[in-house]
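Shared between the two complexes below is chain A, which has chain B as its partner in the first and chain C in the second.
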Partner chain A sequence: MKRVFSSVTDGRGFDLVLVGVPFTFLLALAGLPLLYNILMSFQEVDMFSLASVIRPFVGFKNYVDLFTEPETISILKNTVIFVVGSIAGQFLVGFSLALFFWINFPGASWLRGLFLVSWVMPGLVVGAIWNWILSGDFGVLNFLLQQTGLVGGNIFWRSDPNFSLWAVILANIWLGTSFNMILLATGLAAIPADLYEAAEMDGANAWQRFWTITLPMMRSTIGAIIALGLIFTLQQFDLFAAITDGGPNNSSNVAQYWAWDLSFRQYDFGKGATISVIMTVFVMFAATVYVRSTRHEVRG
Partner chain B sequence: MSEIAGNRLLLALSVVMAAIYLFPLYWMYLTALKSGSEMFATPPTFWPSSAQWQTFTYVWESRNMGRYLWNSTVIAFGAVALIAFLGTGCAYVLARYRNVWVDIGLFLILMFQVLPASLMITPIFVGFSQVGLLEFPRFAVILAITAKSMPFFVVLVRATFMAVPMELEEAALVDGNSRIGAFFNIVLPLARNGILVSAILIFMQAFGEFVYSKSIIQDIQLQPASVGLNSFMGPNTSEWNNIMAYATMYVTPILAIFVLLQRRIVSGLTSGALK
Partner chain C sequence: MGIRRTMISVALALASVSFAGISARAEDVKLVLWSLDRDIQPAPNLIKEFNAQNNGIQIEYRQLQFDDVVSEAMRAYSTGKAPDIIAIDNPNHAMFASRKAFLDLTDMILQSKVIKPENYFPGPLKSVMWDNKYYGVPKATNTIALYYNKDLFKAAGLDPEKPPQTWTDLVATAKKLTNPSKNIYGITFSAKANEEGTFQFLPWAQMGGATYKSINSEGAVNALTTWKQMLDEKLASPDTLTRSQWDSTATFNAGNAAMAISGPWEIDRMLSDAKFQWGTALLPVPSEGAQRSSAMGDFNWAIFSSTKHPKEAFKALEFFASKDATMYKNFGQLPARSDIPVPPTGNALKDSALKTFVEQLKYAQPRGPSPEWPKISKAIQDAIQAALTGQMAPKAALDQAAAKIKSIDG
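Up next is the complex of A and B:
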């Protein structure tokens, strides 16, 4: 007993306790639910069997049911559009901003940091603001678009099925741009300046320098950021809750919102778990890509 | 073009870009100050004709914002305390050693970090209801947030511990400190700032948390401000000045902390995500 105690205060045991307790916690509250999720996706779970431990085992019925439902394909398609649209927008705007702020002028780093406010704001507040900006009759975005002559009439962003998904994508691009910009700026700052000096002496113009130095040197950063973008867009939930609620008629519904909707609005926890399992596989794939592209940095 | 003039031009350009980017924030403050009729004016006004400050007191009282914000604070503080208590030591050990177990630990941490809350809530909710944790909804939310956010905290704080020179700790051990003594007297004080910034980041995240609170807390008396804002926004609402006043009171404290600590927060964030 005494040896155990002294090991905990002054030896290997100290490290084991420090690392063991949090990992036990994480395994219990994140690892266990993950496995429980897989189990539930093979069971029928509703309001009545919620509390029981032994539930009817239905095999792959939940999976089969999901893929025979008509809305599944359109929701999965929405998810792909949401992910690709958000990542492309965030990355392009973020990269252009990062390149601009890369020019060193007084105040650049402070102003650049200001963009990150979007990241610290509660997602629901961001959603509420965009909901109001995108409003059909009185929204300021419609007013600005008409003033600049880009559109002829009001666009009903939230209630027109052709635009509802894009309304959320627009808000999500705004939300994620700053994060992309800051991380890309860190990557740009790490490129050695003498590479550019050498290229300039060889007569390369700005365009050539961008394609032959900046992009190749940024390859691992860009890979990491695309993977992070995938992870973050698949986590996005608050904007859907605040702007369109997945509607109208599922036209802006995506898998992660649908999983919650099935569980907590339709009380079909089995199906909710099934979608969660499918999506978790995608997220873990993205995380593995992220680890691969930052591996040398993760290990220090 | 001289360098000074060039710098001024760039500065002006970047201020314009920042202004465009931050316009939604301005629109929130502006709408909160407009009267009920002015906010539906066409063309919209970009400066309030007469600022309606009483909207704030009206919304604060009619929506019971004090209670909502108190619940948000309780949840955020609870989560931060638990995360700091569990995560700091974990980050320290993961920073101190370099072997295959640490690599496995870091990989697990990352996998836990990326799990979306909206997917994890289904098994967590069912599990909690079976264990009986739903009887204590705020505590249940704190536990769920802790499991979600602790990996991020560990990654951030680990970067801080990596910057503490190992020689200092070794010197303390040679001087007769125990491992516990060296950790609390030498390493922890040196990493204090990094831990504090990471804790503030986690606090801001937990203060705005929505999915877990919405799903777990049914009792309106215990709901945080994010859920309150969600129930304020019905599908066909027209009270946008009141909603924006609510959003203003909710988000302004967070923005104030952010502007004050901007430089540290930005550097903390970037060190966590890419290093």
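Up next is the complex of A and C:
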């Protein structure tokens, strides 16, 4: 008894406790729901069997049904465009801003902090505001574009199938840029200044310094921000609900919104779960790429 | 001083506990009721009145959010924790009734002196029925009709006392009223990709002689073609595709649309926001003399079949129904009753609008009823949006919807 006790306070048992606590936590709050979700995707689930675990097993029927629906391919395509477009936009604008504030003019850190306001705002509020900005007849964006002479007539950002997805991407870029900027700014601050001094003495110009010092030194930060960006964009739901509802004609529908629509509007929980499983596979793939790309990282 | 005050409050607390013990007698039957009504809406107020009768039945109220009603109710039912009474949105009624999650009230209604089927509008009544039996009682109802801006009618040289009667009329009128240079669209409505789109479109299809089971019949194709014409010719804003009814009608109130299709929930806001003369009319029909139809919204009362006190729960429904006559006066909602006239409100404009809606209610038809309504509705929304964006022809879009509905509905 005493041995067990001493092992727990100092020894192998202690290690097991250290591993066990987070493992139990993960299993209960992430693992089991994930497994339950996978189980649901192989069952026929409707509202009345929602509470039971034993339900009619349908094999791959949910998967087959989904991929025979005409909208599936276009929704998956939209999801890819949304993720790539949002991450690219957020990263480019965020990185440019981070570099801009890195110049460190008076009040730079102050202003940089203010940018976080957009990140603090709830998605539904952001969605409602962008809803007004993007509105076709009286939208602010259309007004600006027309005043500057960039477009001749109103563009119906929300209701034109050619633009609706980009309308949501635009709002999402605005929402995520500041978060990108802050993380990238901390990455920039961590680069030792003597590297630049040495490069300058060797006669490297600004462009060369950026390519050979800044970017390589930022590699892990950039990797992390893109991985986080992937997670955040795949979670993005509020903007769709507030701006387009996935319409018109599914032209701005993406996997995560579709999963919600199937589960909680059409009460087809099996199919909703199926989409979630497909999304999980995608995210795992991306996570693997991320882990592999940062594994052989050279630091310092 | 401090101690004394504490003593007094303890004494008061004890006294109130014992009072509560006296008023809630041991033999009281306790019912639980769920609805989404807020404090200024019927359910909580009717419950207060009901409980004040002290007739041995006490109702406990729980307020739900709109998006949660169905999912909360089904979770509760499948885990055996359902309330005794619930207010459910009418297109979801059949889903519960067909699974016998709601109690069959047919016998109790036939014996009831308060709730009589013949006193209700046919549309709302049909929505509580499944397999020719009554599984609930209509709580309130609403429908959609045409609002129009009389000032803009005059300005366009149209007779403000002659709103359009037929679809052709409506399109022609909208054309005359549309004025892009002044930012005025002829008409506004909602073709949004959610239940609102179905709610607005189905009456048009039904006027054309279609039902949701024959959504690709000629009348429905005509209806969708008419909608498409109004969007293609910019008689309605392209944002019709993504705007809710409430937001669409806001553009009417602002004078940016000359006509609007929406429901009686708009009246109060319109009275304060619209700075012009407006009127209401029944929904235009495909051709003169064609059958009328309209949408039917709002909630029904139902008793869960798992209740231990069906008689007491029905008594509560009878009490609620007995208060239908004052529903509009107290809560601004229309009772689903054809035997009760809506009392005059003292505002002529409001009264004449209400008259139109009550008339329109005679033709209101429920969505479904079908246990698979949400999926059917989705198929219809997809067809509307595919046609209006020009990605499919109306006929092809509705054919696709019909095939989907057939596979869902069996």
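Here, the second predicted complex is superposed on the first by the 249 of 300 C-alpha atoms of A that agree within 3 Å, B and C clash if a C-alpha of one lies under 4 Å from a C-alpha of the other, contacts with A are read in each partner's own complex, and residues count from 1 in each chain.
FYI, a residue touches a chain if its C-beta (ideal position, glycine included) is under 8 Å from a C-beta of that chain, and two chains touch if they have at least 3 such contacts.
Source: prediction; values computed, not measured.
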Practice problem: In the overlay, answer first, second, both or neither for which of chain B and chain C A:P161 touches. | Solution: second
Quiz item: Looking at the overlay, what does A:F67 touch: chain B (first), chain C (second), both, or neither?
Solution: neither
Quiz prompt | Between chain B and chain C, more extensive residue contact with chain A | solution = B
Exercise. In the overlay, answer first, second, both or neither for which of chain B and chain C A:V19 touches.
Key: first
Quiz item: Touch check for A:F210: first (chain B), second (chain C), both, or neither?
Solution: neither
Exercise. Check the residue A:L50 against both partner chains and state whether it touches chain B (first), chain C (second), both, or neither.
Key: both
Self-check item: chain B versus chain C as contact partner of A:D245, first or second or both or neither
Solution: both
Exercise. Return first, second, both or neither, reflecting whether A:F264 touches chain B, chain C, both chains, or no partner chain.
Key: both
Practice problem: Based on the superposed arrangement, let me know which partner A:Y290 touches: chain B (first), chain C (second), both, or neither? | Solution: first
Quiz item: With the two structures laid over each other on chain A, which partner does A:G136 touch: chain B (first), chain C (second), both, or neither?
Solution: second
Exercise. Could you give the residue numbers on chain A that contact chain B in one complex and chain C in the other?
Key: 50-51, 135, 137-138, 245, 264
Exercise. Would you tell me which residues of chain A are touching chain C in their complex?
Key: 47-52, 70-71, 135-138, 156, 158-161, 164, 243-251, 261, 264-268
Quiz item: Along chain B, where are the residues that touch chain A in the complex?
Solution: 6-7, 10-11, 13-15, 17-18, 21-22, 24-25, 27-28, 31, 39-40, 42-44, 86-87, 89-90, 92-94, 96-98, 103, 105-127, 129-130, 143-144, 146-148, 150-151, 154, 162, 178-180, 183, 201, 204, 207-211, 214-215, 225-226, 229-230, 233, 235, 240, 243-244, 247, 250-251, 254-255, 258, 262-263, 265-266, 269-270, 273-275
Quiz item: What part of chain C is in contact with chain A in the complex they form?
Solution: 67, 70-71, 74-75, 77-79, 95, 99, 101, 183, 185, 192-194, 237-242, 251, 256, 374-375, 378, 382, 385-386, 388-389, 391, 400
Exercise. Would you tell me which residues of chain A are touching chain B in their complex?
Key: 9-11, 14-15, 17-19, 21-23, 25-26, 29-34, 36-37, 40, 45, 50-51, 53, 97, 100-101, 103, 105-108, 110-111, 113-126, 128-133, 135, 137-138, 140, 143, 147, 174, 177-178, 182-183, 186-187, 221, 224, 228, 231, 234-235, 237-238, 241-242, 245, 256-257, 259-260, 263-264, 269, 272-273, 275-276, 279-280, 283-284, 286-287, 290-291, 294, 297-300
